[in-house]
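Heads up, the next two complexes both have subunit A, just with different partners, subunit B and then subunit C.
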Partner chain A sequence: MPDASSPAFSVSVRLGRVGWRDQTLWDSLDFTLAGGQWTCLLGASGIGKTTLLRLIAGIDDSADAAVACSDGAPLRGRVAWMAQHDLLLPWLSVLDNALLGERLRGGDRRGRRGAARDLLARVGLGDKCDARPASLSGGERQRAALVRTLMEDRPVILMDEPFSALDAITRLAIQDLAARLLAGRTVLLVTHDPREALRLGHRIHVMSGKPARLEPAQLPHGVPPRALDDPALPAMEAEIVRRLADSAGAGR
Partner chain B sequence: MNALRPLAVFAGLIALWQAIVWAAGLPPFILPAPARVAATLAERWDFLFAQAAITLLEMALGLVAGATFGALCALALAQVPPLRRWLLPVVIASQAVPIFAIAPLLVIWFGYGIASKVVAAALVIFFAVTSTFYDGLTRTERGFLDLARVMGASPWRLLVHVRVPAALPALASGLRVAAVIAPIGAVIGEWVGASAGLGFVMLHANARMQTDLMFAALFILGVVGVALYHVVDLLLRRLIPWQPVTVSQD
Partner chain C sequence: MNDAAIAVAGPVVKPARAAARRDAAIAQALPRILAPVAIGVITLLLWEITVHVRGIEPYILPSPLLIAQTLIANWGSLQVSLWVTLQTTALALIVAVVLGVSLAILFTQSKWVELSFFPYAVILQVTPIVAIAPLIIIWVNDTRIALLICAWIVAFFPILSNTTLGLNSADHNLLNLFQLYGASRFQMLRFLRLPAAMPYFLGGLRISGGLALIGAVVAEFVAGTGGQASGLAYRILESGYQLQIPKMFAALFLISLSGVCIFLVLTLVSHLVLRRWHESAIRREN
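Now for the complex of A and B:
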């Protein structure tokens, strides 16, 4: 439920050097998350995508991270985070997991139960509200995690390859679902899958090299989620794969 | 079939016992035959049952006291890091001194009744609980902590809603060990100074060469110990149903 009353703010991120001894992940990274849009960051495994998200989210404070919002308020408290693993608590029901944020902040769980049930029904988990996560399939678990992320109702969403462990068909379905439910929010999705970035991103940055650098954003045509058979996609995908492969070769 | 397996093992052990008695021709005061022990058990059942009830009560109270104290200790260590430097040496020292050495003191302090035995049992139990629970509390999955941090959880709510539930399977392992070692504390307490209980019976039977009574008491102690373990195990399985068993036990 994007809040239409307040216009989405953009977020500019400026990261200092991150590395251990002589291993440098990057010397500096600068980019902007356009308000209300999906920004995709594409890079190979191990390039530091997760570290980058953790720095922005404020989970990791081991390096310099200057994060500024265009509305002047701090980002802290206005971010929801969706990780590669669903991170559903195994002892809570799906419904209680969806309301985890309220539980951890001592918020109004009872009052938001209806909203959580509605959202779970919308992602096809209406009959799984009382089930434990262990009885869910991988796709169902990630959908439950998506609902938990949505229930946070934050303007900025950070996603760390949340769909990478799913099979191709399930992945397509949940990408569409996420694009629909997160429309209007400011999203940063890091991924190693060029097709995912091309389907979902308004802006796509390729992150490559060692130490890593960010290329200027590409702005594919059309509105996400783009159809798989969009005629422009294959050429762009081939180009991105070529650049990722080049930088991988150069890094070795 | 599963229920029969322990019975078969038990019957095998009895047969081996009988075979040793026959083969070695041992006199009854060294090693009484199983039948003789069974007869003593039947003959003195009322007496033995009353003594066993006292020992069981000591073990159960010791288990509750030790588990409670152990869990609180682990929570304090996990939640207040500076406490670790002060409390941990004390906790370890309490285990380094054998319970046998402390038991006479406990009798002086807490008397000949069941209090000193409960304390002895609690003392041998609490470390197993503290160390396993503390271990669980400090090994919460990184992702859970990160998620909670982004969600804005307070340390207290993080502990109650994430770290403690995540550590319950570890605590359960500690409680299972505790259930098995509870008899050690109770019986040692009874040996040092008591007027009732299975340990008291064994000590006196031993002094009078009543080996059959000694074995009867030992047998009951074994049964009580196994029963205590299974009750604890069953309770834990009920209370922590999400505990993953990833490797088949059969």
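Now for the complex of A and C:
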């Protein structure tokens, strides 16, 4: 579970130019993930959000990526990943999927089984431990993926639009669940949904323009997950949408 | 938190409903079995009647009943031949699986190995087995091994190409995830690529099962081996020489029956392996 007692470290990211064919996605991007907080990166589709996450995670080395943690240790091995698609292995049960990391590390899967069952029960999948992903709904699968991310027990979580494929009601429920279960961890959430960023983010960066630039972080009031009817949100959302639309127009 | 609201999304199958579903499945499956059986029975009846009404000689076209009688009367020798052919087929299929899967794994580990060897696998595949079987039979002293090699050549390629395709078809996002979790090359193979390749491999296996039988029979025809331990193709050749056409049909029937059984068994294996997770084996919900 989140180890809130140890102070979370912050992560500073400095990315060099990334281009694809003759297009430049961005010349450079600098930002910091505040320790123990959710940082949201908002941008339109195709702006290179997934590439950005892959660079930070170190599974893409096609561009310069300087990632430094405030505690001096490398980030490698301290990152978990949650993607738009649940990325569950279809041939494994939900429980075995949750224990995938343990299996790859050759760890004590038997001993961790109890913890995985508890977590699955907490997200409402207590009776689905032995089911295969194919028999779950989209929301259930994404909750199973969330449990697997939690079982990794990594201090930094990278999220690539993990809620975007869900219907509105399910999305709200899983956003709340994720905010609750990931409290105290350092999260980077990339999304194209301003409302999602406003609900979940402690800090929100808008990524806009071509090549993309990052605007300074906005710090909405209140503690995430913010209620949908928070009176401050609609005005901020309108402002963000306007800026995203501007940048899309400027790119044409 | 409204976990409960979304937790009820999945269907809960009650025992009574499961039984009802099973009955429905049987009701659905029954016509699928009965229809081809009915066609078969009608065809055999028409055949039997035509032979008798037109007075067709048995050495031109024997009636189904005569073929059945011949099959029973000659069961002793036919059964030995059947066993020989099936042994060749099974061994060829096993060797094809072992070599095909191993080579496919080697291919996915190194692009250069794949680029260098794959064209030769294709050449092996496109060369008609009838054309190279005589050479193989001349080069290899032991006829049984020569037959095995011929059947293997025919059965090998679908497994190799399908498994290679399957191993390369693992979801790239999953490969990224495994990389992030620090999985070794072997772990990627063992926990991701191999399971992902399973449906492709099983598809190839079903094709290769039939091809191994064809390869074995064709090679037997070319070799024309005599003696006690020779396969069904030899029985067909022998019956042809002796104008024992009913026996020829009986041997032919056994070959077809073997082919159908191989296909059914491999289909069952494929279904059992994939039924829990793969799209091809999961019943559609709508």
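Note that in this section the second predicted complex is superposed on the first by the 250 of 252 C-alpha atoms of A that agree within 3 Å, B and C clash if a C-alpha of one lies under 4 Å from a C-alpha of the other, contacts with A are read in each partner's own complex, and residues count from 1 in each chain.
Keep in mind that, in the parts below, contacts are C-beta pairs under 8 Å (C-beta built on N, C-alpha and C of every residue); 3 or more make two chains touch, one makes a residue touch a chain.
Just so it is clear, the structure is predicted and the values come from calculations on it, not from any experiment.
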> Quick one: subunit B and subunit C on subunit A, clash or fit?
Replying inline: clash
>> By the touch definition at the top of the document, which applies to A:G16: first (subunit B), second (subunit C), both, or neither?
In response: neither
>> If we overlay the two complexes on their shared chain A, which of subunit B and subunit C does A:R103 touch? Say first, second, both or neither.
In response: both
> A:R132 contacts which: subunit B (first), subunit C (second), both, neither?
Replying inline: both
> In the superposed arrangement, does A:G124 touch subunit B (first), subunit C (second), both or neither?
Replying inline: second
>> Just to be sure I read the superposition right, which of the two partners does A:H85 touch: subunit B = first, subunit C = second, or both, or neither?
In response: both
> Which partner does A:R180 contact after superposing on A: first (subunit B), second (subunit C), both, neither?
Replying inline: second
>> A:P74 in the overlay: touching subunit B, subunit C, both, or neither? Say first, second, both or neither.
In response: neither
>> Once the two complexes are aligned on chain A, which partner has more residues of subunit A within touching range, subunit B or subunit C?
In response: C
>> Just to be sure I read the superposition right, which of the two partners does A:R54 touch: subunit B = first, subunit C = second, or both, or neither?
In response: both
> For subunit A, what residues appear in both contact lists, the one with subunit B and the one with subunit C?
Replying inline: 54, 57, 59, 77, 79-81, 83, 85, 87, 89-91, 100-101, 103-105, 132, 134, 152
>> Using the touch definition from the top, list the residues of subunit A that touch subunit C in their complex.
In response: 54, 57, 59, 77, 79-81, 83, 85, 87, 89-91, 100-101, 103-105, 123-125, 128, 131-137, 139-140, 152, 169-170, 173-174, 176-177, 180
>> For a test of understanding, state which residues of subunit C touch subunit A in their complex under the given definition.
In response: 1-7, 9-10, 171, 173-174, 176-183, 187, 191-192, 195, 198, 276-279, 282
> For the complex, which residues does subunit A have touching subunit B?
Replying inline: 54, 57-59, 77, 79-81, 83, 85, 87, 89-91, 100-101, 103-106, 132, 134, 152
> Where on subunit B does subunit A make contact in their complex?
Replying inline: 141, 143-144, 146-154, 157-158, 161-162, 165-166, 168, 240, 242, 244
